[in-house]
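The same chain A turns up in both complexes below, where it pairs with chain B and then with chain C.
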Partner chain A sequence: MLENCSWFLLVPVWVSIIIMGAKFLGISFHKKYIVGLSILSTIFSSLYCLYGLHFSYLGNQTEFLISFIKIDSFNFQLGVYVDLLNSLFGLTISIITFAIYIYSIFYMDKEKSFSRYYSLMNLFNSGILAFIFSPNLFQIFLFWEIIGVVSYLLIGFWYQKNTVSLDAKRVFLVNTIGDICLFAAFIIISFTVCFITNNMNLVSLPFSELNIITSAFYGATSPIMYKFVLLLLIIAAVVKSAQFPINSWLINAMSAPTPVSALIHSSTLVCAGVFLLMRLFPMIALDNQTIYLVGTIGIITALVTSLSALVQTNIKKVLAYSTSAQIGLVFLSIGCYNPILGIIYLISHACIKALLFMCAGVVIKLVDNKNIMFMGEFRKCTPVVALCFIVGAISLSGLGFCGFNTKHLLTEAYCSGIHSTLIFAFIGALTALYIFRLYFLVFENTASYECENLECSKQNSLCKSSYFMLIFMAIIVILLSLVTPNGHICPLYIVNLIMVLVAWYFYNTKFKLKRLPCIHHILTNGFYINKIYYWGEIYLYKYFSCVCLFIDKYILGSLEKLMVWMISSISNREINLQSNNFQSYISYGILIIIILMFVFSAIYLFILNLFGV
Partner chain B sequence: MISLVSIPILIILPILAAIILVLPIFRNNAIYIRKFASGFSLFYFFYSILFYILYNPIQTQGDCTSCTFIPSFKSVFPILNNRLLNQIGIQVSFGVDALSIIMIILTTFIIGIAIFSARLYINKHHKLFYCLILFLESILVGIFSTADIFIFFGLWELELIPMYLLISIWGNRNAQKSALKFLLYTFGGSLFMLIGILLIYYTNFAISGSLIADITKLHINNANIILQIFISLLLFIGFAVKIPLIPLHRWLADTHTDAATPVSIILAGILLKLGVYGLMRFNFGLLPLAFAYIAPIIALLGLIGIIFGAALAYSQNDIKRIIAYSSISQMGIIVLGLASMSNVGYIGSIFHIVSHAIVAAGLFFAVGIIKNKFGTGNIKRLSGIASVTPRLYGFTVLISMAAMGIPFLSGFIGEFLSIYGAIISSIPSIKIIGLLSIGVVIFTALYILRFIHNVFFGILPDRFEKVQDIAIHEFIILGIISLVILLLGCFPSLLINFLDISI
Partner chain C sequence: MKNSIINCVTAYNYQIISLILFSVGLIGTLTAKNFIKVFISLEFIVNAINILFVSFSSYKSESAYLGYFVAIYITAISALLLAIGLYFTYFVYKKFNTIEIEKIYAKYKDVKKC
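For the complex of A and B:
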């Protein structure tokens, strides 16, 4: 049954091809058909995930494979692998995608490239589903790149703006580092395991045989090599999940339309890196130092990005830094040898962040500006959005709903000593502070505009549909708190609550905080990480290519000129010879023939000698 | 059936078509000439597809020694036995194996694309142009199906004549100079190749005592290994000019820039692949023992080519030059896969030959359209043209993604298999080169993204606002190219199984 239904996962690809093909051939669809088809695809995928959940609830797992590339005994396979982890993930993603498809009708309403948007979104959806249901590391690698490319095209959706396309390019280039690391890790593991076990079925590294692969690889390589390969995997995950020190691309990615950010750069694409680590957890867990490294990266990211989120004035950048920070906490939970907690945290965070981004999208659309200093009083204009945002904010800061439970679980897992408790309390306090700063500045603060002048105040039906989706996501966030294991109130909770009050005190009015000039600058620029990569690309590579051009133009070029000069000077001399009288011509000719005869007979003798004839 | 579908007919057909074109029935009517040539190329493509369908390899045990796969002609049949030529062992014999069939189909496909795309770029001497292209097609099919080393060399040289004329007559102002450059470089290379081929011939004579020039019957594996390496290097220089590998690449960019678009398509699509074909047939197939010694050098040159070509492509401002230099980079991957001496790498190499031919043809075609429509090829002067030409943008992005090696597009399979093959190679130095080449993917991404970013994205200048999107026939050509790219990328077994079964 599950196998026969596997084509459900392919529906988004077909929808994408239909929409794009129709656009290319000049057939114009009505918008409602485009949206209808897209929603249909999410229904298919969520049905499949539900069935997979039902199947794998008791720990069952199954896989269906087809051969993709088959040479001799090397058989690279693609397919579907269903277990509890990916069914849960797939379901979350399908639900979020469903909400965002409906939400986008409002956001993209006046957009000329409506069908391009939906086509790319469907392509992304299929890519991430195939990524999550990967039966082996080979397929993970393929769709890792696919989602990167589609994300590039979606970030550059408004390519008419120069900065947007520059951002898209930079995001793609930074992500290429991760692609290369994953590719290298895959190839090294694959060929080592194949040659050790002599079992060519393992060439695409199926997850169902992960134990055999891990033990074979662990046994075959030296500890340093093992660490190196794990490091490659971690770099790949760090890049994709926007962790320190490669977190800056997520800020660039905020040039995308807000629904795209809500789907891709908060809840799906950035989870891919963590997903990879969770899948390969048995392999990573063998090495203590690597696991420790994962946890450390997570905690550093959470600290750095939370601090940066505190001073941003762009609403999307606050949320983007917050995404990095929260994924950092998921890294931390993996670092605590607790991947299951990581899954729960990741899923709840995906829903919360999608909700927050959707609220931010409505606000941005209303004032047509991303700067929070120009916002305010939205609680009166759009009470529904404010309510939904506050649900998201409360969950994110761990004060209630699903965030409360997950945060508590993480506290229990991580806070063993005084240092870790202090650090964790600090991160939690920062989280509460920046998200409620955002809330008070956007929804409560006094504003310079009148609510009636805003575009959406007429409450048209499109606007309502997006409000419905906000409520839908908020309900899901609330419902998730019933499913996750219950937590209880602890001292850290009080700290977070105090931070909300602090945020209320400072940001509710136009109260200007005195800025610390130097630190503020560093934080706003995200510790200048972005600039470093920019220099890397622009200066290092440009100089490198200039050096190559120099070698090509002058060194090889002058060699070429030398050859031409030599040949032409010889032929000029030849002309002089021929213009002389007949006798010298003949004598030179005979001389040349004799020389040639000597040369050829020497070569011939040389050849004969070689054979010993 | 056999008599209708055979190599001699395949070789003679384009010449017959060229003769019909020369006949006075067309009277210099450009439209009729073009329609005839297009119709013929379409028919010819489907005719060559028949070989793919009907090909039934006779499973024979060859004398495999160290390699897993030695390409050899399975069905060679002499078509012309001249007594005089026979006495010195030259037999005009032609035959095909899986590699030849793939190269022949590729030739007919790419030349078909070139003929279909010629409409906008060829505005003088129509008759001569199509005759030369058909003549070239016949020669190329001959090169890919001949089993005789001297015939191979003769056709290799003969192909320069139509190519020189095609570049110089229909190119831009500097075309004659760069055509001469192309000619001189190739001649210089083939000088070494001629010595190599003669040495093969004499060595075989010294060993077996019979004068044979048939590639399937030559046995020089027993010869002194130093001599074999020497021959292999000589041949390699000749082929390296054509590929082109790094120190010998300087003819490529100028020739591409100055040649007309259809000629560029042929040049990048097939002529560069002749060198790799030669490497496969001679260095790898005929002298496998010596190949093991020179393989690390070839692999290293391939790696240098990938990096150097990509860096040069990044530093160019002319879009046609970017694509031309990207060819050098992509050919590096092909050579790396070939040098790996493993079955995976070998098949990856052949796959990338096909993929790059199609991708390069598509990119040159797209670039030609851009140059034609917007009147400039300088990326500093182009900007934001995706707004007025969304279809061209869509196709070009797809094709350049294939060049970048994005999964499920044809470029990925070849790249992946070549690198994988290099890493599982039995020679340690090639293993290391293969590992290094993984990191090179980012270089490709850099120049491709620079191209897309500067040309398609950004603000559209006012002077471009009235440019129309691509015409129907351009749409169809780009559509076919994109479909083939997707088809090969999603179902690589179409090609791989064909190669794998016939090994």
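For the complex of A and C:
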């Protein structure tokens, strides 16, 4: 039954092709058909994931493969691999995508390129589903690239604006670094494994035989080489999931429309890196140092980005930094040898973040401004949005619903000493602080406009549809709390409650904190990581181009001049057959004699050859 | 001492010397500005050929001293030719009053009958 229904996963691709093909031929469908088809595709994929969940709940796995390239036993295969991890992720993604499609009707209301948006979203949906259900590392790499490309196209959706297209280009170029590392790791592992086991069926590194691959690769390489390859994989995951050294692309990616941010850069694309690590967990777990590195990267990211999120004035940047931080905590859970906890955390975080982004999108659309200093009093204008935002904020800071369970499980796994407890408490406090700062500044603060002047009072039905989706996501967040395992209540989270009160005090009332100028600037600019990269790129480009100029002008230029001299020195001479001394005639004679010597010897040898000597 | 390599002078070495001397003589003939230098270079060539023929005496042949005979014969003949050449230079000098080849050629073009 699963085998026959695997085409469900291909429906989004067909929808995308239909929409774009029709546009190419000049037919433009009405909005309702486009949206209807997209929603149908998400319903199909969620049904498939539900059935897959039912099938794999007890730990079964199955796969259906098509040969992509086949030369005797050298076999690159594409297909579908159904597993518990896969089905869970697929289900969350399908549900979030469903909500985003309906939400987009409201957000992209007056958009001219409506069909381009929906076709790209469908393409992305199909890409991420194929990525998640991939049976081997080859397909993972293939769709890793594809979702990177589609993310570039979606970030640059409003490409007519210069900054947006530059940001999109930058994001894509940064993601290419991860692609290169993943490709290199794939080639190295594939080659060594096939070389050692002499079994070309493993050339695409299927996950059903991960044990063989791990043991073969571990045995075939020296410890340093093993660590190097795992480092490449970790770099790929770090780049894709926006962890510490390379987290600035997520800030650039916030030039995208908000539904795109909600889907891609909070729930799905940034999960791709961690998904890779979870899939290859047996390989990574063999080495202590790599697991330690993963955990360290996670906790450092969480610290750095949480600090940066405290002082941002753009809603989406706060949420972007928050995404980096939470994915850092997932890295941390992998570092504690607990990928299952990571999965649960990831799923709950995806739903929470999607909810928060959707609320932010409504608010942005109503005020046409992303700066929270120009917002306020939304609790009176749109109480539904405020309620949903509170649900998300409570979950994110670990005080209730599904965030409560997951955070407490993570505390159990990680906090085993005074230092780890302190750091984790600090991060949790920061989380509560920045998210409730956002709530109080946006929804409770005094505003300079009247509620009735906002758009929402004029277009009731569209707003209501978005509200329905917000409520839908909030309900999902609440329901997830029933599904996730309960952790012991930790007294640590009183800190978070205190932080909520702190946020209320400082951001709601008239009392304003004095800004520490130095620290404030560092945090606002995201610890200047972005600026360091820009500076480095400019200097690299400048000096590299100077070097290239030098080589071109002096080394290659002198080579050219040499060639020219060599040929012109011969061609510019005046050959005089008659000269004013008899010795030139002698030299001509000797030249002819030498030529004749060669000719005669050649004839002599030729004749000897004829006679078979 | 048993496995040591002993270098000795072979016919090959004589032939190399002959080649060097021949090339010296050749270059001398082709780039000489002085009339007499040409004759001297010709002597170089002849002596090189002599050495070559002498080196062939180490090869297996019916008579062991053929090379030497040829060398003596050629020496004599070259001496004769040198004498004739010197006789020739005397008349050239009398006519053109120089020894340098380029000036002779220039003056030769002016002379209508020679």
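The criterion applied here is as follows: the second predicted complex is superposed on the first by the 527 of 613 C-alpha atoms of A that agree within 3 Å, B and C clash if a C-alpha of one lies under 4 Å from a C-alpha of the other, contacts with A are read in each partner's own complex, and residues count from 1 in each chain.
Basically, a contact is a pair of C-beta atoms (placed from the backbone, for glycine too) under 8 Å apart; a residue touches a chain by one contact, two chains touch by 3 or more.
Fair warning: this is a prediction, and the values are worked out from it, not measured in the lab.
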item	value
Chain A residues touched by each partner, larger count belonging to chain B or chain C	B
Partner chain(s) touched by A:149 [first = chain B, second = chain C, both, neither]	first
Which superposed partner A:549 touches (first chain B, second chain C, both, neither)	first
Chain B versus chain C as contact partner of A:597, first or second or both or neither	neither
Partner chain(s) touched by A:373 [first = chain B, second = chain C, both, neither]	neither
Partner chain in contact with A:501 - chain B first, chain C second, else both or neither	neither
Which of chain B and chain C A:225 touches, first, second, both or neither	neither
Partner chain in contact with A:587 - chain B first, chain C second, else both or neither	second
Where chain A meets both chain C and chain B, residue numbers	none
Touching residues (chain side chain C, partner chain A) in the complex	26, 29-32, 38, 101-102, 105-106
Contact footprint of chain C on chain A as seen in their complex	580-584, 586-587, 590
Contacting residues of chain A [partner chain B, same complex]	20, 24, 67-72, 74, 113, 141-143, 145-146, 149, 153, 156, 159-162, 164-166, 168-169, 172-173, 176-177, 179-180, 183-184, 187-188, 190-191, 195, 537, 541-542, 544-549, 551-552, 556-557, 559-560, 607-608, 610-611, 613
Complex contact set, residues of chain B against chain A	68, 199, 202-203, 206-207, 223-224, 226-227, 247, 250, 308, 311-312, 314-315, 343-344, 347, 384, 386-387, 390-391, 394, 397, 401, 406-408, 412-413, 417, 419-420, 423-424, 435, 438-439, 441-442, 445-446, 449-450, 452-453, 456-460, 479, 492-493, 496-497, 500
